[in-house]
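In the two complexes that follow, chain A is the common piece, with chain B as its partner first and chain C second.
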Partner chain A sequence: MFSTVIEQIVNGIVTGSVYAIVAVGMTMIFGVLRAINFAHGEYYMLGTFGAWFAVDYLGLSYEASIIVGVLSTIIVAYVVGRLVMQRMVGAPAEAGVLATLGIALVLQNTVILVFGGGYKFFSGGYIEPLSVLGFSLAAQRILILVVCLLVFIGLELMVTYSRMGKSMRAVSQNVECCEVVGIDVPKVVLHTFILGAALAALSGVLTAPVNVSVYGGMGELITFKTLPIIIMGGLGNVRGTFFAAMILGIAESLVATYVGLQFRDTVGFATLILMLMWRPYGLFSTQARF
Partner chain B sequence: MSLADTAQQIRRRDLRLPLAAILVVVALAAPFIGSRYVTHSLIIALIFMLPAHGLNLLVGYTGLLSLAQAAFFGIGAYAAGLLAVHYGTPFYVNATAAGLLAGACALPLGIPALRLRATSFVMCTLGFVIIGQAIAKNWISVTRGDMGLSAIPKPHFALGPLSFTVSGTTSFYYMALAIGALATLAVWMIVRSPAGRNMIAIRENETLAESLGVPTWRYKLLVFIISAVFAGVGGSLYAHYLTVVSPLTFQMYYSTTMLIIVLGGGAGTISGVVFGSLLFVGLTEALRITPELRMIAYGLCLLVLVFWFKKGFAPVLNRFWDMIGGAK
Partner chain C sequence: MKHTLSRRALCISTAILSLAVTVPGLSGLALAADGTIKLGIVAPMSGPNARYGAFSMRGAELAVKEINDAGGVDGQKIELYSADSQGTPVEGVSATRRLIDEDEVDYVIGDVSSSVTLAMQPVAEDAEVLLLNAASSNPRITYAAGVGGFKWTYRNYPTDENRAFVVAKYAAEQRGFTKFAVLSVDSDYGRSAIEFTKKYLPEFKGEILTEDYYKEGEVDFRSVLAKIRDSGAQAILMYGLADTTPIVARQMVELGLAGKVTLVGNGEFNTEKTINSAPTALEGAVEAAAWLPAWDSPESKAFVEKFTTTYDEAPNNHAYVHWDTVRLLAQAIHEAGGNDREKVREALSKIKYKSPVGEVTFDDHNQARLPMILLQIENGKPAIKGAYTAEIQYPAQ
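And then the complex of A and B:
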């Protein structure tokens, strides 16, 4: 009984890591653009499709497919960033919601149109179980955990020390002042957006061997999972996002085991609505930033 | 202004009344002009016009971007479907119950949601759709889960000894047209009333409106409920027309469709919503575009609308209307 609980918590942490990598990009994009990216899950889907294409059609190895998946997403993100995201600087919040909803519809349905709407089987990855601290865990899950930690450490360092990271923080505080001191705001927006999309794609490629199935609508589900996370974490708050993702991952895993699998996908929004009544600014932000 | 211009202006007649008469005649004669499939497309457009009218009150007049419309649409569809299947009640009872139930659900949902600001409010309303779908899927004893409700009877009316069933596509079209016209009239009356002006005041500047004594909180809650009632009635039409209701009635896609109608037609205008539902739902249905292509088109429309046509088709419609009226 007790070990089942621990096992579910460990599973939850792995799921949480997947969400965290996707959500952190979304929350950073919110930071610089003040816009919720409703299309964020679609980049997760694109990354997975890119990798699936590389493995299934091009016959590449899983390692190479990670690169193909992330690179193809970066190309799409560059185009979208140039054409759409850069226009959103200074636009009202509603414009951001609607434009990214539009992108989500276009990306998702283009992929369905090209590859068909059915489920595809993803073969590849490190699925053989490893024994760690008495638990047997698929190597892929351990890889996800490690990558998640590396991503967050890397982001923390980048945001604190690098020039790009500093400009991101500056843009998220005051766009006008950044323009005055000569920070290229559209460039910062584009870079942040591409970084976020690439992280989402990476998360998608890493999860594909665990989830096995690949389909066009998978991005929407991830968007709906990460939206509550970034609000709970406090919009634009990177550390808050990490903890919110872990909490949601664990909660989902426990609900799926003890309440019912069918309720798993509702946990996020149910928690979100309850939390918003109690703390409207997120769990980890003391006051409203936006 | 030269003399010739003045002369031309005098020559131009006010053609608005004849045009309106023609439009009414076309609307009434549509089932006999077009094919059965055209009539079907028009019915779908009319069904989506109702929630879009409600959403327009929220987005266009009060300035609250909500994605919850599909949730209330679904609640209405299930309410009407369940009543019709289990009790065989007449249509007007089902539609009223659907509207009232959606409105009643909007009250407890609106109170916490409306306390939130822009982004969080949007998220919260999106949550209602997702949770609504989960309830529809899992409350199997009532909703039959993923199987949904099927064989919902065609709407029938019973007044004393008189009773008739709306069975054909043509008669359903007239029923939907009548309800659509009533709804349009209702929106027009709401917007023209002092309440409508207060709503616009909230949209323009909520703080200022509040400082001038407009009870903004009550208005926002009331408009949220009214918009849910519209969606609920629309849902009842949907249930009776398609005769099937499944948990997929609660989906983001419907909320997006309603948003496209309102924003594309012109948020804050009534004619825009009517035009928008004909264009974005009626036309795409009539052209039998595959769902994927349609959604890609919707997505591109959203992008174009947000960045280039912020007011949708409303300015074009207004200019046309003025031109017909004889203005230059």
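And then the complex of A and C:
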């Protein structure tokens, strides 16, 4: 009984790692743009498709496909960033909602038009089970966990010490002041956006081997799971996002075990409603943006 | 200045993208010639069930091509229209309306998902267009058809009730399973199959230890599989989606369930692709299907060969049933003496159609009497264990 609970918590942490990598990008983009990126899940999907294409069509190894997946997403994100996201600086909130929802539709349907709407089978990755602390876990899941930790350590260091990281924090606090002191706001927005999209793509590529199937609509669910996480974590809060993602992952895992698998997706939405009712500023009520 | 330029670039790229979206739609338009039989296919062409839709469409296309190449039905050619249900009732209803109102089809074959077919029934009934279902297995569809209400719905596919009984009997009597865990898709198909399993399981001294249903698109089964492992179940009753089977099978390997717990039910356990995804997890799996490529009959073998050469891929169950149903419809139109919906409907009720799995007749609920084929995966290949037909006991009106 006790070991089952521990095992489910481990499962939850692995799921949470996937959510965390996606959500942190979304929360950072919110920080600098004050806009929810509804197309965020689509970059997760693009990364996965890029990797699948590299493995299936180009015959590359899984390691190389990670690079192809992330790079191709960066190119798309650069185009979208230049054409759309940079215009969102100072635009009203509804402009961001419409623009990103539109981009989500365009990206999703372009992929469906090009590759067809059916499920694709992702064959790469390290799916051999390993035994860790007595639990059987695919090696790929351990990789996800490690990458997640590295990403968060890297992000913490970046926003604390690097010039770009500091600029990101500055832009998220006050756009006008940044312009006065000579920070190139559109450039910061573009870099943050590309970084966020690349992280979503990375998460997609890392998850593909264990999720097996790849299809055009796979990003939607991720976007909607990310929403409660970034609100729980406090919009724009990197550290908060990490813990919120873990909480959601573990809660989902426990609900799937003890209540029923069919209630799994309810957890995220119920959390979203509760958070908006009682703590709309997040669980970790510091007002810090990063 | 810089701003106007990039805005123009945005406008142009948007225009190109929207063109890209509409052009394939244009190619779908076909001009109807006089004296053709207009047949609409509603199937999930996108979304989680898109693979079923693609197979369904190809099966129907192949049958139409064969019939038209042989001169059509008494000289009349069949013209095929397709509409995407996306596997959801809402889209299925509007797809059906589109076929009936805009393409003016006389006959609709659809959908794969039971939930969608149930929603389509009243639409076809209102328009007095024949709805011939080829691939939905929820019993309620024909409980409500024929003497049950909907005069224009017919089904050329065995039901979950038949399937649940056959699977439960085989699992208990031949394999000796008594402890089951449920992991089915959360839809009219997945839930009703379990409902009927529960009706028959006590006869075979079987019990259900855990019960879970997954949403379409679910990818994480670790939690529920760990629970099943700890429950001591011998078999997982899975009435699921073909696309999800490889995910579940792989995670069974990951959790060490492969070879210890057996999958029984339905969800394309028998295709090469699925078996290759996790051979150890699928070894011994038991499935009841309406048809499978290995079915031993000359017409069936000929179909498999023709389909494989045409599409470069072996057909699945959905391709077969749509191919077969188009042929059934063609025979009904021939027996009715022409393209008259009312007469075709009467002809269907009396038809004796020779299908590759046996002679097909319809009962007073417009349900075809068809066998379920039982198979088991042995050494990575499906082995046929027999075909069973059960007369359906309809609930009292």
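Criterion: the second predicted complex is superposed on the first by the 285 of 290 C-alpha atoms of A that agree within 3 Å, B and C clash if a C-alpha of one lies under 4 Å from a C-alpha of the other, contacts with A are read in each partner's own complex, and residues count from 1 in each chain.
Everything that follows uses one rule, which is that a contact is a pair of C-beta atoms (placed from the backbone, for glycine too) under 8 Å apart; a residue touches a chain by one contact, two chains touch by 3 or more.
The structure presented is a predicted model; accordingly, all values stated were derived computationally and were not measured.
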| item | value |
| --- | --- |
| Touched partner set for A:269, first chain B, second chain C, both or neither | first |
| Partner chain in contact with A:109 - chain B first, chain C second, else both or neither | both |
| Which superposed partner A:8 touches (first chain B, second chain C, both, neither) | second |
| Touched partner set for A:36, first chain B, second chain C, both or neither | first |
| Which of chain B and chain C A:222 touches, first, second, both or neither | neither |
| Touching partner for A:93 - first (chain B), second (chain C), both, neither | first |
| Contacts of A:84 with chain B and chain C, given as first, second, both or neither | both |
| Partner chain(s) touched by A:129 [first = chain B, second = chain C, both, neither] | second |
| Residues of chain A at both interfaces, chain B in one complex, chain C in the other | 84, 106, 109-110, 112-113, 117, 260, 262, 265 |
| Complex interface listing, chain A residues touching chain B | 36, 84, 87, 91, 93-95, 97-99, 101-106, 108-110, 112-113, 117, 220, 224, 227-228, 231, 235, 260, 262-263, 265-266, 269-270, 272-273, 276-277, 280, 288, 290 |
| Touching residues (chain side chain C, partner chain A) in the complex | 6, 9-10, 13, 17, 20-21, 24, 45-48, 50-51, 53-54, 183, 186, 211-215, 217-224, 226-227, 230, 243-244, 246-247, 250-251, 253-256, 273, 277 |
| Residue ranges of chain B in contact with chain A within the complex | 65, 112-113, 115-120, 122-124, 126-127, 130-131, 134, 137-138, 252, 256, 259, 263, 291-293, 295-296, 298-303, 305-307 |
| List of chain A residues in touch with chain C within their complex | 4, 7-8, 11, 15, 82-84, 106, 109-110, 112-113, 116-119, 121, 127, 129, 136-138, 210-213, 215-218, 221, 253-254, 256-257, 260-262, 264-265 |
